[in-house]
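For clarity, chains are labelled A, B, C, D, E and F in written order, and residue numbers in each chain start from 1.
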Amino acid sequence: MNIAIDIASWVLLTLGGVNLLIGGIGVLRMPDFYTRMHAASLTDSMGAILVILGIMLQAGLSLATVKLGAILAFLLLTSPTAANALAVSALLAGMKPRTGDAVQRTNHEADA
Amino acid sequence: MDILGLYHYWVFAVLLMTGFYAIVAKPNLIKKLIGLSLFQSAVFLCYITFGKLAGGTAPIVGKGAELFSSPLPQVLILTAIVVSISTTALGLALVLRIKEAYGSIEEDEIQEQDAP
Amino acid sequence: MSTITLLFSIFLLTLLMITTMAIVRTRNLFVAVMLMGIASLLIAASFFLLDAADVALTEAAVGAGISTVLFLGALALTSERERSPSSLPLLSLGIVAIVALIVIYATFDQPPLGSPSAPVQAHLTPWYIESTRELIDIPNVVTAVLASFRGYDTLGEVIVVFTAGVGVLFLLGTGASASAAGAPLSEDNAGLRHYLIPRILGRLLIPFILLLGFYVQFHGEYSPGGGFQAGAIVAASIILYSLLEGEQRALLVIPQGVLLAMMVGGVLLYGAVGVAGLVLGGNFLDYSVLDSDPVKGQQWGILLIEIGIGITVAGVLISIFHAFASRGAA
Amino acid sequence: MYYAVIVATLVTMALALLRAVRGPTVYDRVLAVNMFGTKTVLLLAALAFVFGRPDFLDLVLVYALINFIGVFAVLEFFRNRATRAGERQPAQHE
Amino acid sequence: MLAPHLPMLQVVVPLLMAPFVVLLRPRGLAWAAATMASLMAFAIAIVLALSVVGDATLTYRVGGWMAPYGIELRVDAFGALLLLVITGASSMALLGGQRSLERALPPTREPYYFSAWLLALTGFVGIAVSADAFNIFVFMEVSSLASYVLIAGGPDRRALSAVFKYLIMGTVGATFYLVGIGLVYMMTGTLNLADMAGRIEAVADTRPMIVAAGFITVGLALKAAIFPLHIWLPNAYAYAPHVTTAFLAACATKVALYVLLRFDFLILQQHLSGHAFQFAGYLMPLAVLGILVGSGVAMFERDLKRLLAFSSVAQIGYMLLGASLVSVSGLHAAILHMFNHALAKGGLFLAVAAFAAVTSGWRLEQIGGIARTMPWTFAAFVVCGLSLIGVPGTAGFLSKWYLVTAALEHGALGIALVCVILLSSLMAVAYVWRMVESACFAPDFDAETDADSTPNRDFAAFSHLLPTILWIVALANLYFGLANALPLELAKSAARTLLGGLP
Amino acid sequence: MSAEAAVLASLALPLLGAFLIALAGRISANIREAATMLTATGLALIVWSLVPLVMAGERPQVSVAEVLPGIELAFAVEPLGMLFAALASMLWIVNSLYSIGYMRGNDEANQTRFYVLFAVSLGTTIGVAFAANLFTLFLFYEALTLSTYPLVAHKGDQRSVASARVYLVVLLSTSIVLFLPAIIWTYMAAGSGEFTLGGVLAGKLEGAGVGLLLLLFVFGIGKAAVMPVHLWLPAAMVAPTPVSALLHAVAVVKAGVFAITKVVIYIFGVQHLLDAFVADLLVAAAAFTIIAASIVALRQENLKRLLAYSTVAQLSYVVMAIALLTPLAGIGAAAHIVAHAFGKITLFFAAGAIYTAARKTELHELRGIGRRMPVTMSAFTIGALSMIGIPPTGGFISKWYILAGAYQADNMLALLTIIASTLLNAAYLLPIIYMAWFAHDETFEARAHGEAPWPAVLALTLTAALTLGFFVFHSAVLALARQLLPGF
């Protein structure tokens, strides 16, 4: 039983870690703000879910699990909201999502 | 382990000096306050570092824990953090007033205006 | 501290150094403030690794939260860009280098990190941990030292916060003047009312944040937290409210007079507990005499003064925020 | 087993930091800061279990909250700036 | 019943009055409450001073916890003398300064100002009575933050930039001090000063201790405005409200110097070999330079308040010079000079406050003819000025006398130092006399050319309290120039305590 | 009133008087001047009541406070101080009388300030006279400088402020740079600065140190105007004439030579100085000053400046007399303090009277003035004769004793100096007298002026009478001076 939980949480944690890493790389490598945000917000939520679930499995039924649940709920509510607000704000400020080829991209970054 | 341990102190030195540099070399008043904030954070780090006990845990007596890091530096730093934010708040309020009075927050421009 | 956590810690500290360098280098003050938030989180994480949970909590609340809000408030009213200095500050670099060398010089004779025989660990620490168990009987030794053994320092700390509040109000005036009670709520000063999703979510969360604040306040004897952190959290929730709903509405909810009363009341509560000790035959801030059972008395005392701290801190922080914000509106 | 997560988090934090330093727009930096905050929350949650002190999780909760408020402060700042810029000139990005 | 609690009450009275004051809205009420608290503190200080005469020391355990674990308060002769200076300066400045402040402050800000005043007072007395290194830091910050507020109340916008500079330098100083005590704490594991002194022997001469000594000294030197770290001081004093300047000039830097001396002598010097030599070696040249540069700049300064501020830099040099002789007589002179300089400088700045009530400014040409308008105030100003110079019969003479005799114990070096002291006394004559001459003989400043001047019309409304207080201070300058048993006894006992075992 | 109480009263009365004068000045000029006269008279009565006691050998002592350990603020009356105090208090009455005439006659501004400070400086003068030790002496010496400074700068115009600055700078800097270190040295060497018959330094300080200390004292006491620290005296000429009288006759310069005399007799001790062979230095300095000042006086065109240089020379008579270290010269020194005071005050009163009545200040303007102002010029003549030392004036008596002292000391330098300077004195004073009485008044628009206002004339008549009277009734002064003899 214990081993099963251990394996399950190990899998979850590892997947979560991978998710986080991918998000990190995405934020660094994506070409413009909106795409970077896409990478960040998606992996943020997914990574958080996976990692906290993994930890929850380890914690078992205790106060800690309740707290973890609260944290997860919190992250799930706030993270997308923040991303949304940021995107709206950027859009309102007049930042255009990039479309088209790489030449344009370099131009855009040069302008900025 | 020793060298790794000393690393904390070196970071303390570097942080201290980065902050200090911002304070003395930057003419922008807000930048100075940022520097001040970093400068103080470095000291906090130093205190907390030497309060740490190898194999110890946070000094909150609970289940199973036996060895505790020293609570005293933590108490001191709690106080110091509060002092730091208070200073920063007051400093920022001053900056706002200076901006209103001089129209600038660059030290050299203010000095120019002050010179009779 | 096991080697691996030490390595984590070193990694964090390296990131921290990079961040601070970037902070000093950048000419954009907004960027600097954002990076300050990161630096603060890194420092807080390091504190956590170094067993200082209470401090980590405070640093997060103050450094990443309140401090960022204040800096942004100031930036909004001044300018975001820093002018480039006229010349290379060689003198400053020289001074800084010399001081750095002196500090590094000092590190070589230090007792090794974490050694149990270091004076810090050997001299006072065992007594504190023992006495907390015996005389105060609360799990959080940090709270015990903070509130009782060195309660006078903490009184000083509250006074510092109070002074900062008085100072900011003196310099900037109260926020109340900008939006006198009864004035129609203008759309102009409406905060983030047009951002629908954040607003709804924010309003949803505020009660929970307040709840969390009270939890931190009253659970401070058992886990990390206490009056100061709780005050900061409560203040943060009110600040969130005024960000969402605008300055004026926030001031309608908690008027400036109430804030002032909070500032004053907290300090006076703290002082009153101290004087009570004096009147009941003990020394100033001696809580043992508050109850027939000295241990109970200590716990009562700590509870009361923590409440005092929380009230003052919340009052001051909110007042400062309003003072900054109203300056912009004016 | 937590170490894998911790290392991953640390590396991600480094990457986010890099983005925050690099920019190029202020929105990128805010994004990076926000991401950094989430990563810190996860890191501390994992560390609390590594230390065997799950009661520290309330602290983690506060972190998540503070991060949220920070984002709002930034938004308010942008709104404010937009209002001011509307009075003078169009907003400029880095 | 209260007697054993007096060291604590000294801090608690202004501390608890400060929050009250914020709530007092009607004009004048805040002032009255602050003055009352300050006078109570003064009374307590007098009782304390009388009870420590004769090498007695009062201790108090805050919270009832014993010394190295809890925080201890300790009032010895040095502390008692300083308490007298602090509370006395605060009381006199408040009593005399009501009208002056009413003119300077908008009514809505008054309660905050007076609250900050009491907080500054709390900070200063808190430092003076504390026997705990970190507690000193906390109260130092209380006093600093409150002082920033007090100074920023000045009507001139330059007050703001001056305060900002003070804030930066003051915080750097406090943080240096924090680093220093951190290092000491790391090596000794304690924060209580007495305990620290006892445990320092074992780790003396380790590198962190040496660096700690340096950090503490530099940090406190910044706060004490020791040359060349004085650059925040002139503008801060010049553009603050006059009454603030009178208060701060009398005690702010002295409190930092007090901590510096206590740290260096009680803790470091007695236990670090060679520290005495280093202390003298580094600080004596700074003291001499400070004396000469401060006096020299003051001689050519045309702004009355800046002139007096630069004179303060020089006077701090005197105190430091006495201390850097590392002898009982030298310390004795230094400590006595703290007291005497407070009397003289406080009186001078109060007089400036009085002048400013009827003149349009306080540049030398603007106070022209003030001696004719306000002969009594002016006479008191002259008495305080004489005390600053060190004319015999005034308090200032005594400390210079002791300083000279202490210096003469050092042979050829001593003679050189005496020359410096005499030279700077001459410079003091010069700058004091420039003020007197302008006040007496310069033509009446043509006030009509100044748009915002309100000359003489206010004279009728001008409170007679200020000249009265001024005369009390002036007479104190004379009285303590002749019958100085109390400060002398306290200073002597303080000097002996500081040097402890040393011969 | 006991003697001790009288000593304290004589110190307190002028200060009280100053306060009353300040208050009275707000009411009316007449009441103010009445207060001045009343105070002056009261002071003279108190001081003179002490004279018989001191003559009888009593030495009242009062200690007020111990300022520094071993250093007291204390007063003691001894013959020399008694003489000085009696002289000053007496002349104050006359001077006040004169001031009333002069100040009103010239419509001076700030008269209240003038009278207040006059009273204060008299109080400090009494303090100098009665000082029981070096510290007390120094204290009142400095106070005297400071309280007379505004008097010198009384007019308040550029020139008088500048001159007053010279006055202050010279006097204060000499006292701080030289006098104060000398005092400190004395206290450190002897352990006491008490004025003791026979000196306190004997056996404590030997060799070159004695000479150095003596020089520190002599040049540190700038009020004695030994060259080159005499610069302040001519500069102070800008002051109103009553102030010049105060400076030259009543208080200031007298305080200087008085202090030197006290230091020589009571600090060094005559015998000690004789043993150390250093007094000759002093004689030489004084002799140089006498000759040089007299020669400078010869070349003066302004009457008051001439009188000022004459004072410089006359003061050095006293210094030289003391330095001769013989009993007769000592008596001569004491007598010369008195005689010079009477003579010089007369001269200044006369000069002031001329200025008040005729606005004349330069020598060449004085032709024939004797016929318009006969009383004044008669008094002037008497004063001048006293300066030269021609009988029947007081100056003759003191010069005689000094000459005798020089002979007793077998000091050729001193003898020659006295003779030469007498000739020089005659050379610069007699032409004035000649001009005033016998030259024809050539000024075309010879203004019709008569004598100065009556209080001034009365005052200068009185002092002229005193100058003459001293020739006859000098026994009391000599009796007092003789009490100094045990010191020799």
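The working rule: a residue touches a chain if its C-beta (ideal position, glycine included) is under 8 Å from a C-beta of that chain, and two chains touch if they have at least 3 such contacts.
No experiment lies behind these values; they were computed from the predicted model shown.
Asks: By the touch criterion stated at the start, how many steps lie between chain A and chain F on the shortest route?
Replies: Shortest path length, in steps: 3.
Asks: Identify the chains in contact with chain E as well as chain F, in label order.
Replies: Both chain E and chain F are touched by no common chain, going by the contact rule given at the top.
Asks: Count the C-beta pairs in contact for B-E and for C-E, then report the pair with the higher count.
Replies: Greater number of contacting C-beta pairs: C-E.
Asks: Let me spell it out: compute each chain's centre from its C-alpha atoms, then which one is farthest from chain D's centre?
Replies: Following the centroid criterion, the farthest chain would be F.
Asks: Rounded to a whole Å, what is the gap between the Cα centroids of chain D and chain E?
Replies: For chain D versus chain E, the centre distance works out to 47 Å.
Asks: Round to the nearest whole Å and give the separation of the Cα centres of chain B and chain D.
Replies: Comparing mean C-alpha positions, chain D is 20 Å from chain B.
Asks: I'd like to verify one number: the distance from the centre of chain B to the centre of chain F, where each centre is the average of its C-alpha atoms, in whole angstrom.
Replies: 69
Asks: How many Å are there between the centre of chain A and the centre of chain B, using C-alpha atoms for each centre?
Replies: Centre separation, chain A to chain B: 31 Å.
Asks: Could you pull out the residues of chain D that touch at least 2 other chains?
Replies: 13-14, 30, 32, 53, 55-56, 58, 61, 65, 67-68, 72, 75, 79, 94
Asks: Residues of chain F that touch two or more other chains: which are they?
Replies: Not one residue in chain F touches at least two other chains.
Asks: Provide the list of chain C residues touching at least two other chains, using ranges where the numbers run on.
Replies: Residues 53, 75, 103, 107-108, 110-111, 118, 120-121, 124-125, 128, 150, 153, 156-157, 160, 163-164, 167, 171, 192, 195, 198, 205, 222-224.
Asks: How do the chains pair up in terms of touching? List each pair.
Replies: Chains touch in the following pairs: A-C, A-D, B-C, B-D, B-E, C-D, C-E, E-F.
Asks: How about chain D: which of its residues touch chain B in the complex?
Replies: Those residues of chain D that touch chain B are 51-53, 55-56.
Asks: In their shared complex, at which residues does chain E touch chain B?
Replies: 134, 137-138, 141, 145, 148-149, 152, 157-158, 160-161, 163-164, 167-168, 171-172, 175, 178-179, 182, 185-186, 191
Asks: Would you mind writing out the residues of chain F in touch with chain E in their complex?
Replies: That would be residues 22, 64-65, 67-68, 73, 110, 113, 135, 138-139, 142-143, 146, 150, 153, 156, 161, 165, 168-169, 172-173, 176-177, 180-181, 184, 188 of chain F.
Asks: Would you tell me which residues of chain C are touching chain E in their complex?
Replies: By the definition above, chain C touches chain E via 102-103, 105-111, 118-125, 127-128, 131, 148-153, 155-157, 159-160, 162-164, 166-167, 169-171, 173, 260-261, 263-264, 267-268, 271, 274-275, 277-278, 282-288.
Asks: Per the contact definition, I'd like the list of chain C residues that touch chain D in the complex.
Replies: Going through chain C, the ones touching chain D are 4-5, 8, 11-12, 15, 18-19, 22, 28, 30-31, 34-35, 37-38, 41, 44-45, 48-49, 53, 56-57, 60-61, 64-65, 68-69, 72, 75-76, 80, 191-192, 195, 198, 202, 205, 209, 212, 215-216, 219, 222-225, 229, 233, 236, 239-240, 243-244, 328.
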